[in-house]
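In what follows, structures are represented as structure tokens.
Both complexes shown next keep subunit A, but they swap its partner, so subunit B is in the first and subunit C is in the second.
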Partner chain A sequence: MRIRDLTGLAVRGIAGSPFRSWLIGVCAFLIAAFLVATVLVVHGAQDSLHGASERLGADVIVVPRGAEAQVEGALLMGTPTKATMPQGDVTKIAAVDGVAAASPQLYLESLIDAPCCSVSEMFMVAFDPATDFTIEPWLKQRVGGDLSLGQAVGGRYVFVPKGQENIALYGYFLSLRGNLEPTGTNLDRSLFVTFETAYDMARMSRTTAVKPLVIPPDAVSSVMVKVRPGADPQKVAVGIVKAVPDVNPIVSPEMFGAYRTQINGVLRSMLFVLGSITVLSLALMALVFSMAVHERRRQIGVLRALGASKGVVVQSFLTEAVILALAGGLVGVVVAAAGVYMFRALLVQTLGFPFLFPALGSLAALIAGGLALAMLFVALSAMVPALRISRQEPAESMRE
Partner chain B sequence: MIALRGITKTYAVPGGQTITALGGVDLEIGRGEFLVITGRSGSGKTTLLNVAAGLAKPTGGSVLVDGTDLWSLSDKERSLIRNRRMGFVFQFPSLLPSLSVLKNVTLPLAFGRNGTEERRARGTELLELVGLADRLTSYPRQLSAGQQQRVVIARALIGRPEIVLADEPSSDLDEQTESEIMELFARIHGETGITILMVTHTKQLVAYGTSHVEMAAGGVLRDRAGSEGAPAE
Partner chain C sequence: MRILAALIIVLALVIGIAPQFSNCDAHGHVLKITASPMASGGSTMGSTASSPVKIVKMKCLWTARSGIAVAVPLAIVGVLLFISRRKETRRALAIITAALGVVAILLPIWLIGTCVTSTMPCNTTMKPTILAAAFATIAVGVVALVVNELKSDTMDVAPPAT
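== the complex of A and B ==
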């Protein structure tokens, strides 16, 4: 039987029972929508953490003992932190066996309603260009040079206010050299300046700002550590603890551990909801298809008498299932993707972990995958009753 | 053309019992014959037609279509034989309500490889033959029972079959429509020489056929030659 005829037969089957078709479409919608939403949220959160780790580029992040959550919160969510450790610790850490580079960062301030930022809060970070391996390589590659005094690099959402040439903070004018790639974390709304610029800004702010910028003396918030090629980050971390007892080194795979746990928790909950919806939808669809097959027994018998093989009967039901799955599933994936995109800020706020909406390529793959799975589930639910009726003798099917 | 050899057909019913619908029937349907099988309800005539058409598998015996055992073939091959060599007219309304008259008539061709134009031309020609050339785009619900049965006859002829199998084709019709339908069958048989196997409980319709077999209790009671057979035990 030609595909056009098969599709025509399936479309007539769909049109013949609008309520039944609507039910199947809704099931396909629910499966596809929840599947895509779950994968989008979890994938987006994991991507965001991965992006943040990549951006930081450190094998180990050393933070003051007991301040792990605060530092991770500052980096990912912009939660203000005052936890610091002495600047002298940086030298001790750099001297640990296996450490290739140790670069301090100081989380200066979370600025509310800063004029340079498309988000309500902006996070200011000072780094040391002499030892830095996070911002500097990017600067050299993309901007072609180091940051000099009065210059800054911004995250994705940091910009120079319209009509101005610089970003004015504490009455100090910063020139923006460029923007880093998005990570979906607080790094996107961070402004990176050198320690030299930060100190200059603090000094100037005493006379130019209503509320001056105060930098604690001899303090750093964290130390980014790059290990030597071949060195084991775990062993390096042990060495750091031995050399500097009041710090806690977090090895890259364990970085943002609390957030990973949180994401896994959300994943489990969403999988439970998705699983329940899928099982219920499968049961409902199987029931609806069984009813459809029963209703159309005689018609199927006639089709078999007219020359339709068992295969054609199964194919016509599967085509019907695939058309309904495509219609419902397509609406489902679009609604899910649009919903997650529109409410991504609310999601971050509610779920308490960072989120990065996937790039177009990944999104397309995700949508295609969601649709394919919805089609598979709907086709599976149609398969059993379709096979059952196809195996029945045509004469038996035609009997009242 | 079709030979039934020792056909038995039993059905299992709840309670572990079996019902014998056909008890060892031997019957031959020759090419060009218009065979009318009569019998009371439950005599096994519809079962016999279904078995002969490959719509029901016999419990025992063989169904030979031009010497080929129908049940030695795959489902696909059997379906192909039904599609290419057989046409069907059923007792119940068998048109698809969602298809137009023309599409219903050409439906069997959809299981083959015929082109759309070829189907349309053939369908129109047959609807002219059954007197419904003006109802191509109508839907079954817009037709009377008699007109619907004419459409079914046109559908049965669409694939230029060698045999038409008709199961009580006029049982739901009034007397006048019944005779119109039977005249149509006789005319088609006369003009095309197609083989027709028709089962009916109305003995008066025997006159339209070229031969007659009577069935009772799952067996042939009286064959063409008038010799008495034995009903099934």
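== the complex of A and C ==
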């Protein structure tokens, strides 16, 4: 029997029982949609954390003891942190064996909805151009020089408000020199300035802002550490703890540990939902296909009596299953991908971890994978009843 | 067809009502504009600002309001589709549904727009809700059109004389 005949038979089967077809389609839709949504959310969050670690570019981040979650929250989600450590610690950390470079950073927040700020909320990272190895290489490559007083570099989504020439923060006007690549984290909405600019802003804010910017004297929020080639970051971290007991060094792979745990928790919940939906859908589809086979046993008997092989009977049911899975699954993956894309900002706010939507190539692969799995599940559920009826003798099928 | 008509009415309610509660104004945000230093005679970089502040409503509020202007005719189209029995009328209503869906998409992305900051409520909730409902409206319109064309229309044909 030709493919066209098989497809025609399958289409007639689908059109002949619309309710049953709808049920199978909805099951395929649910499996494909939940699968794609789960992978998109979890993969997007992990990609985002990876991007943030790359952006920070440090082998070890040294933070005040007990402020690990606060600093991670500040970097990833823009949650304000007041945790600081003495600036003198930077020299001690730089002197530790295996440390190639140690550069301090200061995390500052803008005022919320203040008339002296042209943006409603902004997270600021102040860095030391003399020792920095995270922003400076990018600046030299893309901007062609260092930042001078009153200049800033923005994350991907930092912009100069329409109708204005500079970004006003604490009544202080900053000139935007360029934008960094997206990470999906709060770093995309952060402003990077030099220590000199941050201190100048704090000094001026006493007279220009509704509330002054207070920077504790001789304090830094964290220290970025680059280890020497061949040095073990874990051993360097142990050395830092010995040299400066009041700090906690976080080695790069362990960075954002709290968020990784949170992502794993969400992954487990979503996998549970996905597993439940898949099992229930499989059971429902198997039942529906059994009913379809039972209803069409006379038709199948006639087909067999006219010379159709067992394979043709199985193939006709599988073709029906594949058509329904393709239709339902395609709608499912498109709805899931579009939904996650459109509501990604809300997802970040609700789930409390960063998210980066995948590139088009990865997305296409994911969609193809989701569709293939939906088709496999639907075909599996159709296989058993189709095999059972194909083994029956034509006379027996027609007599029942 | 009645299921599709009911879906259109539900989508009209989403487009009309949801934005009223998810725009920035509903969350207490207003735009505070300070004049630039150039405008007030100051320097551009590293300078300070002491300019007057102007408070204006954000444009997402007007997008939300205009959503009502799309939702009302869409709901009427849904009701008409529910009661209509003529094939030509249903065809026209299905096309209008899809067209209103297109207008609903254009409101937040081109005709009026939303706030520039991506974390504002209008961008995280209102815009995706309008877009999702608008895309669904277009899909329902197209499906209604296809279903209408596939269905045989008995109302247009005069009953045979007996």
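The working rule: the second predicted complex is superposed on the first by the 390 of 400 C-alpha atoms of A that agree within 3 Å, B and C clash if a C-alpha of one lies under 4 Å from a C-alpha of the other, contacts with A are read in each partner's own complex, and residues count from 1 in each chain.
Convention: a residue touches a chain if its C-beta (ideal position, glycine included) is under 8 Å from a C-beta of that chain, and two chains touch if they have at least 3 such contacts.
Note that the structure is predicted; figures quoted are calculated from it, not measured.
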item: Clash or fit (per the criteria above) of subunit B with subunit C on subunit A; value: fit
item: Which of subunit B and subunit C A:A395 touches, first, second, both or neither; value: first
item: Subunit C versus subunit B, contacts on subunit A by residue; value: C
item: Angle, in degrees and to the nearest 10, that opens at subunit A between the C-alpha centres of subunit B and subunit C; value: 80
item: Touching partner for A:S175 - first (subunit B), second (subunit C), both, neither; value: second
item: Subunit B versus subunit C as contact partner of A:G163, first or second or both or neither; value: second
item: Touched partner set for A:G16, first subunit B, second subunit C, both or neither; value: first
item: Contacts of A:K310 with subunit B and subunit C, given as first, second, both or neither; value: first
item: Where subunit B and subunit C come nearest after superposition, their Cα distance in Å; value: 16
item: Intersection of the subunit A residues that touch subunit B with those that touch subunit C; value: none
item: Residues on subunit A engaged by subunit C in the complex (per definition of touch); value: 113-116, 118-121, 148-151, 157, 159, 161-166, 168, 171-175, 189, 197, 200, 204, 207-208, 338-339, 342-343, 345-346, 349
item: Residues of subunit A that touch subunit B when the two form their complex; value: 1-2, 5, 9, 12-13, 15-16, 298-299, 301-312, 393-396, 398, 400
item: Interface residues, subunit B side, partner subunit A - complex; value: 47, 50, 53, 55-57, 75-76, 79-80, 82-84, 88, 90, 92, 94, 96-99, 107-108, 110-113, 155, 159
item: Residues of subunit C defined as touching subunit A within the complex; value: 29-30, 32-34, 36-38, 42, 44-50, 53, 116-120, 123-125, 127-128, 131-132, 135
